[in-house]
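The following pair of complexes shares a single chain, chain A, combined with chain B in the former and chain C in the latter.
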Partner chain A sequence: MDPSVVLSALVLGISIGSIFLVAALGLAIIYGTAGVINMAHGELIMLGAYTTYTLQTFLGVPFFLCLPLSFCIVALVGIAIERLLIQHLYNRPLDTLLATWGVSLVLMQGVRLIFGSDPKYVQLPAFLSTNLDLGIVNVSVFRIFVVLVAALLVFATWYTFYRTRFGIMVRAVTQNKEMAASFGINSGKTYMLTFAIGAGLAGVAGAMFGGLNIVLPTMGMSYVVEAFLMVVSGGGSLLGTILASGFTGQMQSIFAFIFNDTFARFLIFLMVVIFLRFRPQGLIGSGDTRR
Partner chain B sequence: MSITRRKFLKTASVGALALAAPHVWLPGNREAWGATLTAGEPIKVGLLFSLTGGLAVPEEDSTLVMQYAIDEINAAGGINGSPIEPVIVDAKSDFKVYSSKTRELILRDKVTSIFGCYTSASRKAILPIVMQQDNLLFYPTCYEGAECTQNTICTGPLANQHSKDLIPYMVDQFGPRVFFVGSNYVWPKESNKNAKVWLEQANGELLGEEYIPLGSSEFGPVIEKIRAAKPDFIFSTVVGASDIAFHRQFKQAGLKVDSMPIASLTTGEIETKAMGAEFGAGHFLSAPYFQALENPTNEKFVENFLGSPYGKNGTTHYNMEETYTSAYVFKGALEKAIADHGIEDVTPRKIRDAAAGIKLSADVSPEGEVWIDGENFNTWLVPKIGQCQADGSFKIVKEAPEHVAPDPYSIYPDIGKCTADGLLAPDGTLRTDVI
Partner chain C sequence: MLLNLQDVSSFYGNTRILRNVTMGVAKGSCLCVLGRNGVGKTTLVKTIMGLTDKIEGEIHLDGADLSASRTDERAKCGIGYIPQGRQILGKFTVRENILLGTFARADESTTIPDICLELFPYLKENLNRRAGLLSGGQQQQLAIARALAVNPQILLLDEPTEGIQPNIVAEIGETLKMLNKELGITLVLTEQHIKVARKLGDEFVMMDNGRVVDSGPIAELTDDVVERHMTV
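Moving on, here comes the complex of A and B:
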């Protein structure tokens, strides 16, 4: 086989994996710490894309500034959802599942009412629409950009949860809510901020996916399945999600090269099912301390 | 009396069968249309498109343009003095809703015809009901053919008309080596079968054929395969949001539009608007209609439609225009049926029979003169090839010299030929209601 074909498959695998990771990161945080199965995650991604579209089209904000702004705005939406709904349901996981699913429908229809159902698009700076020819491999600049943003988001998330005082509080609440409370940690506020960060990460993901794809009220649905796949097979932890995304991205790329796209997806779903049959707790996850 | 398992199963299966019986459709078992038209009273038609969900992008426009056409017809005096009254339903992009709403439109609202559907899957979901009730479906978009029902009229191009000019044109302009990319469902696969026939006649060479799951937005592997194959052009039947992702990633991956353009059957004005004109510029589309067509009827249609409350999405496109013409085919056919049978005796089936040969002149149809085939009830039309410009509009680069005949079984001569009464097999047997 031609070495440049193999190499471009590997490079593409990294890119696909980083897209999976960006989509899954917010979900992993919310699920991993608060234990909330957030069915509205895809719609938070969609909100991020619409936020970018709105900022860009109506206020003329440049694309790069839209990324942090999308984080903030969708994080605020996340806070609203958490305060109004999810904080009352922390002890009822099945109900949060239904409630967040309801939220997803409300968000989808709400956006449709405001923006209509015709597709919108996010304009990218011209250099992001070019490519980089390295002789043996040819990579699009936008894909490199997504990988870089993914790396940045992972680092920021890791730093927040493992190197700050807030991170210690979050991990304490995750391990034992009552014990943490007895040390004076406000668990309600911790959950709220975690949910906000998770929602904000979905917002950044949406801002980027708007550049790769099309902005539609229904766009979130196509990302949420993959995001859940990564989080569940990763075991709900940050490292597990990164490993699962990287591995699945490579598999997707390699199988698509050898066979075709449809069959590649079939193989991946099959592999995930078999994997979870023998290791239901996922790649990295203790599995027994879930509240 | 004790209930044994066997007795229970027997009773349950008989019960289930009895419950299902009215819903099981057997060919030849048709219900009469339980309504009559009265002179001066409104004529009800159903508009069965998705206003919400994944299919809403093209189908919402179909509903809007139908309302526009109906207003236009009513303002001009209706049909023999009767106004058309649309019954608008939202099919919610859900095939179960398509079929339940079809039943509702026919049985409760007693519509004379249904205008609806965009995907082949939804059409196949509702046709058994339309046929059982002997109603009439106007299917106003392109499709793959290989169907022969006595209850459908289609105003879009069939697979045998769609790519007939496009493939030889592209081979002539760019070279013989081509790569096929499509969404993974029936229409792209059947369209590609037709395209292969034209490709062989043009001495082209097929380098590869790839299908992407519907709705997928990851074209990385396919684009790398295309890069490795180095085709002279790409033939695309990718639909919907995927099509937009494909064009964007094509440019982002550094493929060049002037040396390897995409020749598409789907990427029209609405798609180029959604992807951003810079991603669409230079690529080709084959369709019977473009917003940029220069004729007085189209100029009037574009101006009036975009100025009306229904033109809120800001563009016209081929799917929309095919829907618009279907309203006028309905008008022509119904007027003929009334003249032939008298208004009290008109049924949906008689409207369909009257549609044979109905011609829309160039001052009604924005794409130019079209007419309905008297045997298979698809449309004779002139496919055109447009190239997308930097502003997202299309420039017509080629127009077929004459009308192209629709033939739903052009690549399956062994199966038969679609006639007005049914599918005529080579051995002389006639089958009705073939889907």
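Moving on, here comes the complex of A and C:
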């Protein structure tokens, strides 16, 4: 077997894994903290892509500035969703599921009404549109950029949740809401900020995915399935999501290399279903009850 | 009075657990809340913290009306809470558990007060240890340190000696006495150990079926009163 082909598959696996990870990160935070299964996550990714498109097209904002702006704008949308809807439905998982599904449909149709159904394009800086020749493998610079941003987002998320007072607040509320309140922590405000961060991360994901693919009102659906698979098979934790994304990305790349892309996706889904049959708590899930 | 409850009833769902409780706790004193299992002692403490579903009546702390306040707002008024079973956050380190208390500080200080670690040298030496790995007695020390990090004017302790080895019970009793008598922190203590109550308490209230059925200075907590209300 040609080693360059194997190496290409591995590099592609890292790239696919990082895309899965970026898509799943916000979902993992919201699910891991508040236990909310946010069916509108894909549409928040889509909003991030449209935000970047709008900022570039109508305001001439450079791509790199669009990333933090997409975070902020989609985080504000997240706050609005949480305050108007989700905060009334905590501890009611089925209702939350249906309500966020409704939100996803509203967002999708709303964007379709405003922007139409024809594809839009996010313009990348010229150097991100080139390929990097590493001798035996040829890699898209933008895919390398996505891997780097994924690493940066993971670090920023870990730092926020494990090295700051806000992180103590969030983890205290997750472990024992009653005790957190007994020591001055407003769980409602904590959930709201966590939802905002999760939504903001979806916005950044969308801004980057707009550079990988065309921007459509339905684009979120194609990412949300993988995002859910990563979060559920990872057990809802940050580390679990990282491991699940990395492993699944590699498997998808290897299967696609051996068979084809469609069959690779089929095999991945099958593997996840079998895995969850024997380990329903996921890779790093503790099986703890949220209090 | 530092803490005043006026005709307070408390509910879980539609079930009334506390019935028209009226009581007061003087500043710097120690009030022992006594009674058999299931008479409403824990509910009384949870009611003061705002952890029941609904209350009727009025609760005042240092003149401020807490009746309609959320739990986090009450904590910020200077209430340190040591719940039954300790409820240490097991996934947190010792340091993170104590830091949790600082979120309720009125002065917004974010550092662990010296007293928390001076009182409990074991905690000082094990700040990075996972709290879930501590023994029951060590967890109780941690619960007290966490409540002290609030810089409380009043400590609510729900059965602090429950499930603790006898030698540690004495140690915890000494610590609480010091906090009350030397530092002037007001204590409200639910207890089933009469010895502990007599050693620490200035006043007592005896509860039965969600009501206060007897109260007075601890000297009036005679064996006869104990037998009448606490023997099964």
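As a convention for this text, the second predicted complex is superposed on the first by the 288 of 291 C-alpha atoms of A that agree within 3 Å, B and C clash if a C-alpha of one lies under 4 Å from a C-alpha of the other, contacts with A are read in each partner's own complex, and residues count from 1 in each chain.
Please note the rule applied: a contact is a pair of C-beta atoms (placed from the backbone, for glycine too) under 8 Å apart; a residue touches a chain by one contact, two chains touch by 3 or more.
Here the structure is a predicted model, which is why all the values come from computation and not from measurement.
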Legend entry - Superposed model, chain A: greater residue contact from chain B or chain C: B
Legend entry - Partner chain(s) touched by A:T262 [first = chain B, second = chain C, both, neither]: first
Legend entry - Which of chain B and chain C A:P280 touches, first, second, both or neither: neither
Legend entry - Touching partner for A:G102 - first (chain B), second (chain C), both, neither: neither
Inset, instruction - Look at A:P93 in the shared chain and tell me whether it touches chain B only, chain C only, both, or neither; answer first, second, both or neither. - result: neither
Legend entry - First, second, both or neither for A:V141, with chain B first and chain C second: first
Inset, instruction - State whether A:M219 touches chain B only (first), chain C only (second), both chains, or neither. - result: first
Legend entry - Interfacial residue positions of chain C with respect to chain A in the complex: 49-51, 70-72, 75-76, 81, 83, 87, 89-92, 96, 99-101, 103-105, 110, 146, 150
Legend entry - Residues of chain B touching chain A in the complex: 51-54, 56-57, 60, 184, 210-213, 215-218, 220-222, 224-225, 227-228, 241, 244-245, 248-249, 251-254, 270, 273-276, 278-279, 312-313
Inset, instruction - Write out the stretch or stretches of chain A touching chain B in their complex. - result: 2, 5, 8-9, 12, 15-16, 19, 109, 112, 116-121, 123, 128-133, 138, 140-143, 209, 211-214, 216, 218-219, 222, 252-253, 256-257, 260-262, 264-265
Legend entry - In the complex, chain A residues that touch chain C: 165, 168-169, 171-172, 175-176, 178-187
